[in-house]
Structures are given as C-alpha cells and as structure tokens.
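Each in structure tokens, the structures are laid out below.
Presented sequentially are two complexes of chain A, the first with chain B as partner and the second with chain C.
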Partner chain A sequence: MELKEGKHRILMVSDFFYPNFGGVENHIYLLSQCLLKLGHKVVVMTHAYGNRSGVRYMTNGLKVYYVPWKPFLMQNTLPTFYGTLPIIRTILIRERISLVHGHQAFSTLCHEALMHARTMGYKVIFTDHSLYGFSDIGSIHMNKVLQFTLADVSQAICVSHTSKENTVLRSGLPPEKVYVIPNAVDTTMFKPAPERLCMDPIVIVVISRLVYRKGADLLVEVIPEVCHLYPNVRFIIGGDGPKRVRLEEMREKHSLQDRVDMLGAVPHAKVRSVLNSGHIFLNSSLTEAFCIAILEAASCGLLTVSTRVGGVPEVLPDDMIVLAKPDPSDMVHAIKKAIRILPHIDPQEMHLRMKEMYSWHDVAKRTEIVYDHALRCSNQTLLERLPRYLTCGAWAGKLFCLVMIIDFILWRLLQLWQPDSEVEPVPDFKPTELKRG
Partner chain B sequence: MADLSIISNARFIYKHDNHKFPLPHAVDTHHIILRRSVVKPIFIYLFAILLVGYAAFLHFEKGKPATTVGWSLFLGAILVKFLIWRPVVKESVVIMPEFGVQLETHYGSGRINRRFIPVSKILKPVLNEHVTPVTCCWCLSLLIRDENELTLVFKKFRPPLKMLVPVWKALCFATDCKESFEFQEDG
Partner chain C sequence: MERAQRRWRKVAYGGMQPGYDDNHTDDTFLQEMVMNANVVKRDMLKVMLDSVSISQYLCIVALVVLVWTHTLNSTITENFLIVLDITLVGSGFFILLLTAKMLSFNLLLSYATKISFFTTGLYVLSPIYHTLTRSISSDSIWALTTFLVILHLFLHNYSGSTIKAPGALENPTLTSNISLNASIVASLLIASRLPSRLLVFAIILFSLQVFLFAPLVTYCLKKYSFRLHLFVSFLLMAMTLTWVYRLHKLLFVVLLGLLVFVNLVCPYWLIRIQEYKFEINGPWDEAKLCFNITD
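Right after this comes the complex of A and B.
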C-alpha cells in the first residue's frame, strides 16, 4: 500500500505510552489516530511494560513496538547512550520511516532515539509537554541533555507560548524553529449532563494527582475557608497521591466528612461522570505547561477556577475561567466570584464553544504542516552538523561532539556487520473484512 | 519427479519439494539450508596452519617449551569452531495434509532432531514479529492445543519473511485454517 503524495511515515518515540495513563500518553495516542485518518502511517515505539513486550496493534492499525528494555526510574529506560542504536536502526529501516517525532523532555528513550535518528540522517521533531525549572540540580542536568538533543533537531513543538519561552530559554534553540500547537480535548467523550444540575448544593470538583506540584497543599487551606463561608457548597476530590493524608486530616480537623467526598483514584473512563456531578472545577497546580484537565472540565460545561501559572491563562477564554494567584486567600476570592457568576453559565453553550475551539483533528493538521517544514530542511553531513554541538558550552560542546562522532562510527560498523539491504521492510497490512461463516 | 522452487539470500537457501510420486500432494517438504561460503574457511584454515607452523618453529628452532605448540593448536581449534563450524546445517518442515507436520533439525555432526505434531493438535500457524533488545525479526510458530507457549517451526534459524510466507501458506492450507489477513506487498 503506497502512501499518497505528501503523506509521511512517522515514528513516535517516548517512554510514556499506554498502558501507562497520563497527558503525554493520551496526546501521542490521539495525535497518532488523527494522523492515521489523514492518510499518514504512524508507528509508536516505547519500552516494555511488564509482560507487554513485542509488537501490538491498536485501533486503525496503529502499530506499537514495546521494546524489551527495562525501565529504571519513573518509567524511564536505562540510558546507555548507544545501547538502543541497533533496535532503533532496525525499526527505522523495516518500517521505512521518513520522520521521527519524540515526546517529553524527561524520556531517555526519546533523547536516544532522536540522537540516533539524526546520526542516520532522518529528520527529527521534538514536542515538549512540561515546564521545568532552572535552578535545582536535576533541572540543570536535564536542561543540558535537552540542549544536546535540540542542538540538531529539525523542528520543535510546544503546547503553549509559555512553554515555548521555557523551552527556548532552557535549550538555546532559535525561536523560529519552535511551533506552538496546543493540546486538545475529545469533545465527543466529555459532554455535559443532559439536564442541568440544581444549584443547591453547589458542587466544586477537584480531579488531580494529590502531589505538591499540583497544589494539594493549597487545597488544604482553601477548602475549610470556603466551606465556612458558604454552607451550601460541597467538594468532590478525585485522585490519589502522597498528599492525600493531609486532605484526610483536614477533613477530620474541621469535621467536613459530609461536605468533602474523597473518591480516590478515578479511572479516566469515569472522569466524565465525576465532572458531570459538579458545577465548578478547581485547579490548584503550582506549575502547568498546558492543562488538559481544565479543557475536559470546560467541555463538560463546568466553570473553572484555576491558579494563574504557566500556560493556564492561554487555555480558556476569560468568560469560562476565573484565575487567581497561587495563594489561599486569592483563591477563596476567586471561588467567591465563580459562585456569583455561576447562574449565568450555560453548560451546553460552553460545550459547543469548546467543540469549535479545540479538536485533535486540528492539532493533527497543524502537526502535518510542521512535518512538511521539517522534511524540507536540507540534509547535512556529520561535519556540517558538529559545529552546532560546539555552541552548547565550553566543555559540554566538545563532549557532545565526541558522543556524536562515536555514534557515527558505531553506526557505520553496524552497517558493515548487517547491511541495510539485509533488514527486510515490513509489508503494509490492510485488514480485510473478517469472513463470517 | 519433485517440484522444486528455490529462494536464496546471503545466509539461507529455501527449497520446496512438492513430491508428486507416489501420490500428488501427499508429502510437502520445505527446507531452509544454511549457506556455506567457500572463501572464508580457506582463509581461516590457512591462518590456523600458519599459527601452528609458527609455534612449531618457535619450539624447534628457538627452544620455546612444547606448551607453545599446545596453545597454538588450541587457539587454532577455537578459531575453526567459532568461525567455521556450523552446529545446525538445515531445518525442514514435512507437511502431510490431514495427518500432521514434522519439524526436523539437521546438525553438522549428522544428528537429526525430529518432532511430529498431529494436525488435530495444531490450532493455527502464525507469523510473529519477534522483538529483542537489539533487533526485530519474523518467526513462524504454531499455536498448539493445551500448550502455553508458541512452538517455533524453525528453532535455530531466522530466515527472512519471503522464505517464511510460502511455508506459512502451506501450513495454513494443510491445517485447514482460513487466512484472516490478506496483505499487499509493496513493489
């Protein structure tokens, strides 16, 4: 099955994919599905999850390679620099890939794949999904690795303008190479309840991982205050994490057991029903590149109250969201305002507006434009590419050049050992109708 | 007279014997034979002989101890074993429709390992993509009733897909499985 003119064969690489659940995983899956619908061929590569190892096919023939490299820290593959070169080369040749798209700065498999793909002459694209700091030791090292990977990337994509600024500062990438394509939401899945909920009691929903980054400590201060000011307000908290204990203690201390429901971890399929049981969605994150959770809430017709951090102000129009500083008193003030304007909100109208503003098909079309630009970049030899690594730093630059030269030599040796012609291309499968008999 | 079709690549030769005598389509045999190169063994043997010769020269002319010759013989034997000796020379599949399938492994020492699987025990032959930490290749396996694991048809060899497909089709036909996927190969 030859692809039509202008259609590409894309390899998505990340440590984060299903069966693990999260924003990056969802993004890769939904973007791949929309690209398949546009006529491109998409293959995903990730590490094995427990027993799930080898090749799997998902909906619409999305092929996933679960490569049996063991994860060592927070779902990341052990970084061996050159260990993944043989398998990545094999996959790139047998699937006849034209373009490699890596996701998430925290994924070691992504960095290694992009490095090897560049050595072998493929065009690479990188999407950054999160904001990172500059001052702590972990961030400094991460930013150095990012500088190395992005020194020679064809194009980069960020999910918000704030994220673009953050990525450009961290990696030293020229801003002209970075495109901003926001995430989207599946509006067919997130619909408001058919009948509007009655306004008494007013239900405020919180669904997030209960960790420091997501502002669980702010919730501990805000909830008792709001419950004290408004006797007809109830809270529903979905999600689990290390800070859950603090919230339980808060409940006990202020005797709010009948006004604050703790649901524990909520599977993604149930999120819609939890959102439909509320009027207001509260997001207290301390940092966020983009926030898909508030998109889901707005798609379900909830008014959002959120902290003004990172890319959050770019997500929703001003009449759908009330922003506050990440400070308990300011957040209480914002909740008061939200409760005041709640009667003027129409969930169905909000949902229709979200449907027009955000769609994964739109994200796929914009990503396709980035792919076309990437493929138009000129092919460069190793010697032409090395000067870009030298700009990364006095010592780091030379070290990165050495890493790339060794990678090139190893690739050539691998080609002598097993020539490209020996790797068989995979035939494209087009599943026919199953015969019923 | 046997119908013969041959496919070959750098490492393997595939041969298909479709015997028409005594009965047409009674026995269908597929062989995968490891290719032997001619030049490489000559060089290796020459090198081993030179090594032993040099050790002998050192012993007899220069007075080095006899263990030098012993070590050189040992080294030569190691080189020959690892670079020339092929433990497995051929793997075959003998298909008897309606009856069963016999898997054979022919070793370099002359030993032949055979395993017969009756057709009633075979659920389906499958072509699988086998992913390891360093590579990915195709392998043909059988799903056997009451067994948890797949049975590989070619245990030691990893022949290319173009050699596995005719064997897979023949196995499907013999075990009466309808192919549920058609695929179009790129030109």
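Right after this comes the complex of A and C.
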C-alpha cells in the first residue's frame, strides 16, 4: 500500500515514551494518533524500558521501536555520538521514512537521531518542551548541545511563545523558523462531574510532583495560611517526591491532618477523579514551558490558581485562571480572589470552552503544515551545511564540524558494508486491515 | 470580504490565530527580555580595598612558611616556638573578645578547657606525627607541601571564615573545607620532618592556630573596623616583605610581584572585563523563592 500524495512517513524520536509517564510522552502519543488519523504513517523510536525491547504496536497500528540501549541517567541513554547510527539508519530505510521529528532538549537519543538523519539527508523537525536559563553550568552545556542540533534543523516547534523566545535565544535560530504549537488536552478524558459539587467545604486540588521546581516549598507556606483564613477550605495533594516530607511536617505542625489529604503518586487514569473532587486547582510551579496539568484541570471545570511563570499566562484566558507572583502572600491573595469568584464559575461551560480552545486534532493539523514547510526546504550537501556549524562558536563550531564529518564518513562506510538496497523495507498496513485479518 | 484583521495576541489557546501563521513573530517578541539586570557597577578603589584581604591572608601564609623554613633550618628554638604559640593564642583571644563583644566568664572557661584538651591530645600524638612520613623521601614531602599550600590558597574562602564566626550567616562551603584540610595536611607533613618531638608539637600547634583561627580573627577585625583592618594588613605586608627579603632575594621579588598583581592588576582587570558581561533574564527563568527554606 502506498500513502496518498502529500502524506508523510514520520519517525518520532525521544528518550521519553510510554511506559514512562509525563507531558512529553503524552504529547508524542496523542500527536502520533492524530497524525495516523490524518493518513500519515507514524513510527516512534525510543530506548528500551526494562525488558520492553524490540518492536511493539499500540492503538491504531502505531509502531514503536524500543531500541536496545539502556538508559543511564534520568531515562537518558548514554551519549555515544555514533553508537546509534547503524540502527537509526536501518530504521529510516526499512520504514521508508521521509521526516524525522525529535522531541525534548535533554533527550540524547533525540539529538543523535537528528544528527544522523541530517547526515543521511533527511528533513528534521525538533520540538522543544522545556525552558532553560542562561546562568548555571548545566544550562550553558544544554544550550550548546541544543545549538548544535538546531544549527541544521529544517524547522523547530515550541509549545508556547515564551518557550519560542527562549529557544531562539538559546540556539540563535531565526525566529521565523520556529513555530508555536501548544499542547492540547484530551477533553473526552477530562470531563467535569455530572453533578455540581457542594460549595462547603471548598476543595483545593494540587497534583504535581513534589519537588523544588514545582514549588512544593511555596505550598508549605501557602496551605497553613489559607486554612487559617478559611475554616471551610480543604486541600487534596496528589503526587510524590522529595518534598513530601516537608508537606507532611507542615501538616503536623499546624494540626491540619483532617483538612489536608496527601494521596501520594496519582496514576494518570485516576487524575480525572481526583480533579473532579475539587473546586480550585492550584499550580505552584517555579518554571513551566506550558503546563498540561492546568489544561486538564480546566477541562474538568476547575478554576485554576497558578504562579505567573514561563508560558503559564498564555495557556488560559484571564477569566479562567487567577495568576499570582511566586511568593506566598500574593498566592494567598490569588486564592482569596478565586474563592470569591468561584460561585460564578460553571464547570460544564468551562469544559465546553476548553473543547473549543484545545484539541489534539488541531495540533496535528498545525504540525502537518510545519511538515509541509520542512519538506519544501532545499536539499543541501555536507559542504553546504558545514558553515552553519562553524558559526556556532570559536571552538565549538570547529568541534561540531568535526563531529559531522566523522558521522558522514561512518555513514558512507556503513553504506559500503550494507548498501541501502539490501535493507528490506517493511510492508505498510492499515489498522483496518489488521482488524479484518 | 475585507474584514478588519484581529490583532495578534500572545496566547496559546484557541487554535491557530486567523490570518497569522504559527511562526508569526510580532514586535512583542523578546520584549520582556532584560539584559544585565543584576550587573553591579564596580569602583576601582573599592575593588582595590576589597582585595587587601586577599593579600593579607597571602602574607599570613607566607609568614607561616617562613616559620616553617626557619624551624627546618634550626634557626628557631623550641622555646621560641612555644612562646610564639602562647602569644598567638593570647592575642587572638584578646582581639576576638574585643571585637566580637562576647565577654563572658563561662564562654572563656569553656574555651580554656577545649584548648587544653586539644593541646594535650596534640602533645600525646606528636611522637606519631614525628615518625609519620619517615619512609617517604624529603623531596616528595616538599613537592606535596607546596602543592597543598597552593591548593589551600586557591580554594580559601577570602570573604568569610571556615570556622563559623559569631553572627556569620553562611555555612562553610565544600571548597573552603577542602582548603582547610589541605593546609592541615601540609603542616603535618612539614612537622614530620623535624628532629625533636617537642618541635613537632610546637610547629603543629602553631600551624593549626594560624590556619584555623587567623581567618576568624581577621574576619572579626574587618567587621569591627575597616580602617583597623587596612592598618593591620599593611603592617603584616611590611613585616612579611622584610623577613622574606632577609631570607631570599628572589622570593622577595616573587612575593612583591604577587602582592602587586593581587592588589593592582587584578582589580583593573576585573573592571576592564566588566564590559563583556552579558546577562539575559526573562520570563523563562526559574522563579526564585523570596523566603528561606529551613529543612
């Protein structure tokens, strides 16, 4: 079976995919599903998770390659530069890929795959899901790596306008090459409770990993203050992490055991039921490129109170979210305001509005446009591409060029060892055929 | 139909904005970026005066090395060293009590007991230190000591004190602890080359006193009065330079060059490279908490 005119064969690459769980994983899965529905062929490549290694199929025939490379740190594979070249080349040729789409700046697999794909002359697209500062050593290193990868991508995608500004600054990419396509939310999964909750007590829900970056320390200051001001407010905290101990200490210290519920880690399937037991969603992140959690809460009809950081102010219209500076007194103030306007919020109406504003189908369509743009870019030889790397820095530029030249030589050697024509392509099949068989 | 085009808004909701592509870049792009927000304008004189504390400590270390050299050359006797130890403890205490304003009998008593325990322990252990590095050649010891002293100077915390001073907010960092340990090891190595046990005891006591408490004393002095601090520093520099001159002419030139470098060249250099400072802040930065987290 051949794909129709204008349809692409896309390889999604990231270290982060199911069974791991998070925003990026969710994004790749749902985007792939929508692209499949639009008639494209999508293949996902990630590293092996535990004993899950090899090829798997997910819903609607989404093919996933779990490449047998073990993660070594925070679900990242060991950066080897050239180690993954043979397997990536084989996958690209076998699946007759036309476009490579990498996700997440700190995924080593993604950077390596994009590098090899560029060497082999494929068009590549990169989606950045996170924000970085410019001042600490970790960020400086990451920014250099990103500069290397982005020096030669066809197009880049960011999840919010703030993230676009950040990416442009970090990588030196011209702004018109960077597209903003936000995340979306599966509104069919996050529906408000059919019956409106009683307003007494007012329940404030927090669902996040309890770590420093998610502002768990702010919660420690804010919760006792709010409990003191409003005797009819209860808190439900879902999530686990190193700061959980601090929250539990706070609960004991202010004897709030009966008013602050700590649920521990909440599996994604249960997030909806937790959200539906509350009126207000509280997000205390210190940095956030987009924040899908806010979307999920709004889709369940909760009023959101959030810190004004990163891309959060762009996510919802002003009447659906109360923003505050990331300091305890301002956040308490915002919660006060939220409690005041709470009676005017209709969860069902909010859900309907969210349905209008966000859908993965829309995201897929907009991504499709970016793919078309990328494919229209002219083909370039190695010599034409090298000057772009040279401009990346006095030392780094030469180093990047060297890396690319070696990659090119290795690729040619691989071609001698096993010519492209000897790699057997995989037959395509549609999920409908699968069902019939 | 010509409809008035709606203005582009910096929002992520509502799908693609009609009339604008997803890669639309507005005038508002990077509007919230702030450059060099936290850069402090530095004043040459102020930087020079601040660098005096570095040269002061350099001189203190040079004095210690001088005492080491004279002891190894046997130009200093045991008795002189012990008298030096006692005067140092006495004057150190005196300065601390005067500047930190913590005169109290109980505190003095607890310090006295601690010091006596420490000294006794050191005295009992000195035979072990005496023979500690007998199997190692002297050249290795000199090389290692030089390396450790340089390491100590590099990692030393010049703006505070590793021993927590009364009223100091910050806890000592890892590097300052490494620096302190390097200096202690260096003094043990030197002590193990000495001929008699009493000398070993006296020199270790002397080195420990200086390395542990000199930063504390100078820190308190500086907090008490900056002028006094300057006066003491210049006095120390003059003393050190004279004694080094008597010992060795070349070393004198090296030390003098080092002091000039630290006090004149480095401040000028710092002011000059300020113009290359390029700091970017914006909404993507991680928010800083405005309160202290007490774990």
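Keep this in mind: the second predicted complex is superposed on the first by the 429 of 437 C-alpha atoms of A that agree within 3 Å, B and C clash if a C-alpha of one lies under 4 Å from a C-alpha of the other, contacts with A are read in each partner's own complex, and residues count from 1 in each chain.
The rule we apply is simple: a contact is a pair of C-beta atoms (placed from the backbone, for glycine too) under 8 Å apart; a residue touches a chain by one contact, two chains touch by 3 or more.
The structure displayed is predicted, hence computed values, not measured ones.
> Would you mind checking whether chain B and chain C clash or fit side by side on chain A after the superposition?
fit
> I'd like to know which partner A:91 touches here: chain B for first, chain C for second, both or neither.
In the superposition, A:91 touches chain B alone.
> Touching A:402, do we find chain B (first), chain C (second), both, or neither?
A:402: touches no partner chain.
> On the A-aligned overlay, A:175 touches which partner chain: chain B = first, chain C = second, or both, or neither?
It touches chain C, and chain B stays clear.
> Is A:428 in contact with chain B, with chain C, with both, or with neither (first, second, both, neither)?
Once the two structures are laid over each other on A, A:428 reaches chain B alone.
> Which chain, chain B or chain C, ends up touching more residues of chain A in the combined arrangement?
For chain A, the partner with the higher number of touched residues is C.
> Give me, in Å and rounded to a whole number, the least C-alpha distance separating chain B from chain C in the superposition.
36
> Residues of chain A that sit at the chain B interface in one complex and at the chain C interface in the other, please.
none
> Spell out the part of chain A that touches chain B in their complex, as residue ranges.
1-2, 53-55, 65-69, 83, 86-87, 90-91, 94, 422, 424-432, 434-435
> In the complex formed with chain A, which residues of chain B make contact?
9-10, 128-136, 138, 160-162, 178, 180-186
> Across the complex, what residues on chain C touch chain A?
The touching residues are 10-16, 21-23, 25, 29-30, 32-33, 279-280, 282-287, 289-291, 293, 295.
> Under the touch definition given earlier, write down the residues of chain A that touch chain C in their complex.
Residues in contact with chain C: 131-135, 159-163, 165-166, 168-169, 175-182, 213, 215, 217-218, 221, 246, 286-287, 289-290, 307, 309-311, 314-317, 326-328, 356-359, 362, 366, 369-370.
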